[in-house]
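Labels run A, B, C and D following the written order; every chain starts at residue 1.
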Amino acid sequence: MPDLAAIVADIAAEMADAPDRGTVAQYIPPLAAVDPKRFGIAIVTDDGREYVAGDGDMGFSIQSISKVFALTLALGAVGDQLWQRVGVEPSGTPFNSIVQLESEHGIPRNPFINAGAIVVTDILLGRGEPREAIGEMLRFVRTLAGDDAIYIDDAVARAELETGHRNIALAHYMRGFGNLNREVARVLGVYFHHCALTMSCRQLARAGRYLMDGGRNPETGHNVVSARRARRINALMLTCGHYDGSGEFAFRVGLPGKSGVGGGILAVAPGIASIAVWSPGLNERGNSQLGTLALERLVHRTGWSIFDPRVF
Amino acid sequence: MPDLAAIVADIAAEMADAPDRGTVAQYIPPLAAVDPKRFGIAIVTDDGREYVAGDGDMGFSIQSISKVFALTLALGAVGDQLWQRVGVEPSGTPFNSIVQLESEHGIPRNPFINAGAIVVTDILLGRGEPREAIGEMLRFVRTLAGDDAIYIDDAVARAELETGHRNIALAHYMRGFGNLNREVARVLGVYFHHCALTMSCRQLARAGRYLMDGGRNPETGHNVVSARRARRINALMLTCGHYDGSGEFAFRVGLPGKSGVGGGILAVAPGIASIAVWSPGLNERGNSQLGTLALERLVHRTGWSIFDPRVF
Amino acid sequence: MPDLAAIVADIAAEMADAPDRGTVAQYIPPLAAVDPKRFGIAIVTDDGREYVAGDGDMGFSIQSISKVFALTLALGAVGDQLWQRVGVEPSGTPFNSIVQLESEHGIPRNPFINAGAIVVTDILLGRGEPREAIGEMLRFVRTLAGDDAIYIDDAVARAELETGHRNIALAHYMRGFGNLNREVARVLGVYFHHCALTMSCRQLARAGRYLMDGGRNPETGHNVVSARRARRINALMLTCGHYDGSGEFAFRVGLPGKSGVGGGILAVAPGIASIAVWSPGLNERGNSQLGTLALERLVHRTGWSIFDPRVF
Amino acid sequence: MPDLAAIVADIAAEMADAPDRGTVAQYIPPLAAVDPKRFGIAIVTDDGREYVAGDGDMGFSIQSISKVFALTLALGAVGDQLWQRVGVEPSGTPFNSIVQLESEHGIPRNPFINAGAIVVTDILLGRGEPREAIGEMLRFVRTLAGDDAIYIDDAVARAELETGHRNIALAHYMRGFGNLNREVARVLGVYFHHCALTMSCRQLARAGRYLMDGGRNPETGHNVVSARRARRINALMLTCGHYDGSGEFAFRVGLPGKSGVGGGILAVAPGIASIAVWSPGLNERGNSQLGTLALERLVHRTGWSIFDPRVF
C-alpha cells in the first residue's frame, strides 16, 4: 500500500498553488460565495484508516453527488423495477438537457443526469410527505457516514427552488409523459433538499464506503445494498457520473466517480478505498477542475485505476 | 481462482440451448450466411493458461473489434495528438450515426464508433499505401495473438465496400470538415479490410492479452503500449465499446469490452484474463445477444467485474 | 366571382360522407367528446357577403387559432420589439416540441408553435392581471367578429390546465432562459383561456376579415393593424400556421391558414375572402383532416390560391 | 401599374451605395473572385415588358436557383411520384444539413435543400448518361429564357466537385437508405453542372415567366407545366426557397423566391411579374444580403406581396 498520508499532503499542497482553478458556479448566491482557493481531500481505506488533507474537514454543498445516495435508497424501496423508468446509458448531453426526453418519451437516459435523479426522487417520495422523504435521505446519509452532524442547508435548497426553472421544466415534461407520479413541486422540494446536503470530504468518503466494500458498510457490518447492486452503481458512476465529461473522467482517472456542481467528487476504488475531493472551481462541463486533477494524480501515484492490473 | 475449465464448458452448454439468440447481421451475404447456432468462448489468464469451449476455435469476422487494434497501432504512430481529431466520450447514438458530426464540426465522439475508427484508419494510412497499412494491421494482430494463421477475408471486405454508403458518407462528411487527410476510397479500403479480419475466440483472447497485462504482451514480454495507454484503451472500451449499449454492458457485465457486428466480443479483466466470446445473433443495438449473456454469467461466477472488490 | 353558395353547399355535402375523417383529439374530455361527424364552413367575402354551410354556425373550441389574435394584440401592445423574443421561421418540429429551445437559448422559432404563443401571451399579460388579459382578448375577438356572443369555455381551460404539463415545461424552460417575464402559472392561465375561445365558423371567418383586408375591419372601417403587419401575419400563417404540416398545407391549399387542435382552420385569401372550416378529426400532424381537404377543394373551384395568377 | 422603370433604377442606385453588402461565398475560387460591388435587377411583367437596371445583364452563377428548374423538369419526367422520395416541408436547418436524413430515413425534407435537389437530380439522370441530363437541363433553361447564349461554367462545376465532400456525403447517405438509384459520382456530376449555369438577371427573370403565368411560357404560349404544378412550385419556393431563412424572406418580401449561393434570387409575383436580383454578398443564412433588401423595397413600392390584397 502506498504512503497515503504523504500522498494526500502532497496533492493538497500542489492544488493550493494550482493556477487554473476553473469557475465557481454562479447560479445561486450560496454557491457563488464559496472561496475558489479551497481544496480538500479525504481517503478512507478498506481497513478503515482515514487520510485527510487541505480543507478535507470543511463542509460544502454536495449537490449532484446526492444522486448516488438517492439512487441507492430508491433501489432499496422498489428494486430493479426502477429501471423501467430510468435508463443506464450515458447521455452524451449536458446535465440539464431536455432534448433526449422528447424522442425517448420521457425516460431519462440514466439516474445521474438531472432528469433521471428527479424520477429517482419521485420514487423516494413514494406515497409519503416531502418532509419524510427528506428526513429519510438525511438519516440514510448520516448512517452511511456514521456522523449525525451532517445537515441540509435550507438556504441552498430555497435558492435552488427560486431559480430552478429548467429542473421544473424537466419534471413537468416527464409528468406529461406519465413518468412522474407525484406533484412536481413536491418532488422538486425533496430533490433540491437532498442536493443541499452539506458534507466535508471526510464525511463524504465515509458515506461512500459501501460502494468500495461490495455494498457493506464496514463500520456497522450491515449490507447497505447487495454486492450486485453496489457493482452496478459503480458501473453507472463510471459511465454516467460526470455528465458529458464521463468519458474523459474514465480516461484520465479510471475510477467510478460522481461530481457535484458544488465542486465535490466522490470516487470509489472497489475493495481499496472511498475517496472524496473538493474544489469549487468547475471545468466547462461542470465538473471540479482541481478535483479531477487531484484524483488523476492520486491514481497515478497509487495505481488504483480499475483499468489497471492490481499491483498490490 | 475459480475452475475456469468447468465454467467455460458450462457456459457453452447453456448457450447451445438458449432460445433467444438475437438476429444475425443481414447487410452483407458473408455475414448473413453464418449459422446462428454458433457459440464460442475462450479465456486466456494472466498466467498463460487457455480455456476454450464451444466453437471457440472457429474463425469469424471480428468487424468492429478491430477498432481496438487499429487505435492501439495509431496511438503508437502519432501518440496523444490523435485525441485532437477524435474524442473520448460515449456518443449516446448508434454506431453509424452522423448527427453529432454536424454540430461537433467533424470530430467523432470516440474511436469506437464508425466515424472515429475511420479517422483512426486515416492516421494508420499516414502517407503510405493502403496495401501497406493493411499489411501492418495484419502483422500487428498476428504478433499480438502469436498466430500467423490469422487472415483477412477479402470477400467480406469487398462486400462491405459495395454496401458501405453510410461509412462513405461519414468519411466524406469528415473530410468536408478537414478531419480526413487521405482520399476517402483509400481510407475505407483499409478500414473495411481490417474489419474483415477473421479470428477465432482463442486468437482474439490471445490478441487482447496486452490489455489485461498493463500493455505488455506476456508471451513476448515486450511492451505493446505503455501501461497508461493500455489503461486508457480499457477505459474507452468500457465507456464506448458497445455504442449506445455501452452503459448496459458496463451495468450487466462490468468489464471493458468491444463488440463487432459479426457477433464477437473481446473483454478484458485487467490483471486477470483476456476473454473472447462469439455468437452471431445480435441484440437491437447491434451487440451479440448470447455473447453478452455469456460474459454476464462468466463475471457472475468468477467475480471479475472491475466494479467489485477483488475476492482472490 | 364563382357561385360560392353552391360551392360551400357542395363541399359540406361531400364532407358529410367522407370516410376518412381523422382522429378527434383525446387529451382532454371536452375535446374528446366532440362528434367526429361534424363539418362546418363559412366564407366572408371582401364585399361583406357570408356563405355558410354544414355546421358552420355551431361553436367549437378554436384552440391554437387564437394564437393569431393573440399575436395581433401583442404586436399592438409592444410593436416589432416582439420579434426579439420570438422568431419568424418554420420549426420543422411538432407543435409542442421543446428541442429547439435548448440550442436556440429559449427563443421560440415562431409565434404559432406553443412555445412562441406562450411568449406572446406573456407580452399580453404585461404588468396586468390574468383576468384583465383574458378579458382584453375576449373583447378583441368579439369586436373583430362583431359578435358579443363569443365566449370562453372555462371547462376547456380548466381541463387544459390540469393536463398541460408539456406547456408548463415549455414555459419554465423559457423562463430559465429569461424569455418569460411573468409567473408561469399566470401566463398559462391566460394562454389556456384564450385557447378555450368557443366560436363558430361564421364567427371565426368574420374575426379574420382584417387579415383579408390589409389590416382593416371592413365592418367598422377601422384599422386593426397596419397593412404591413397584416401582410406579415399572413406570411407567418403560411409558413408556420400548421406546425410541421405547414409546407404541405401551402402545397395543397395555398392560403395563409392557422389550425387548432379542436379541428378548426382559419384561412385568408387576401383581398377576396376570410374562410373558416371545422371538422374535429385530425391528421397525424394535428391538423383537421377534412378541414384541409375542404379548403383544398374550395381553392380548386375558386382559383383563390395566392400562388396562382388571379383569374377574376 | 407602378412606374417600374423608375423603381428598378432607384433600387439599383440605392444598392450601389449600400454599406452592408454581406460576405461573398469563399468555398470555391470562381465564386470568391466575384466583385462584391455588383448589383443587378430585372423584371419581366405579365405583358412581356422588361425592366433591367444595374448589372442586370451580367452573367453570374445561379447555383441553387437551378433547383427550381431541375424540379420542374423532374416533375415532367416522373410526375407526382417524385413526392414519394422528397418531402414538401421546410427543414428548419441549413442548406447542407444531414441531421434530418438520419431520423427521416433518407427522405429529404424538400427539393430545395441540397439533399432534396440531389434526389431530384437522380431522377433527372434516370437511365441516361450524365452528359445527356446536363444537356437536357441546359436546353430546358435556354428554352424557358428564350436565349441560347446561356451556358454552364465548367470551371465552377469542376471546383464544386473538388470540394463537394458534404454533398458527396449527403448523396451516399441517401443511397445507403435506398433513396438514390444512380451512382453518386454521376448524380453529383449532373448536380454540380446544373448549379454552374451562368445567367444574367434578365435571363433568369425570363426563365421564371412560367411560374408567374400559371405554368405557361408567355413567349411560346406552350404550357411548361400545368397550372396546379406551377402553383405548387411557387408554394415550395415560399416555404423552402431560402433554407432556414425562408420564414424571414416570406415575412419581409412576401413572394415565392429561390436563392443561390452565387448571390442571385429568382422571385415570382403570380400573374404580375417574374423578377431576378443579384448581389454576391450573402447574409448569415447564405442568402443574398442586398438581393433580399432590393426585393423588400420593390414589394414595398409595388404592393406585389402575395399576402396583400391586390391594389391594381
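Odds and ends about this structure:
Operating definition for what follows: a residue touches a chain if its C-beta (ideal position, glycine included) is under 8 Å from a C-beta of that chain, and two chains touch if they have at least 3 such contacts.
Just so you know, these numbers come straight off a predicted model, no measurement behind them.
Shared contact partners of chain C and chain D: not a single chain qualifies.
Averaging C-alpha coordinates per chain and comparing to chain B, the farthest chain turns out to be C. For the pair chain A and chain C, the distance between C-alpha centroids works out to 48 Å. Computed from the mean C-alpha positions, the centre of chain A lies at a distance of 32 Å from the centre of chain B. Chain D has its Cα centroid 55 Å from the Cα centroid of chain A. In chain C, no residue reaches two or more other chains under the touch definition.
Checking each pair of chains for touch leaves A-B, A-C, B-D, C-D. Interface of chain C with chain D (complex): residues 46, 87-93, 100, 109-110, 212-214, 227, 230-232, 234-236, 238-240, 244-248, 250-251, 254, 256, 270-272, 305-310. Contact residues on chain A toward chain C in their complex (touch as defined above): 97-99, 102, 165-166, 168-173, 175-176, 184.
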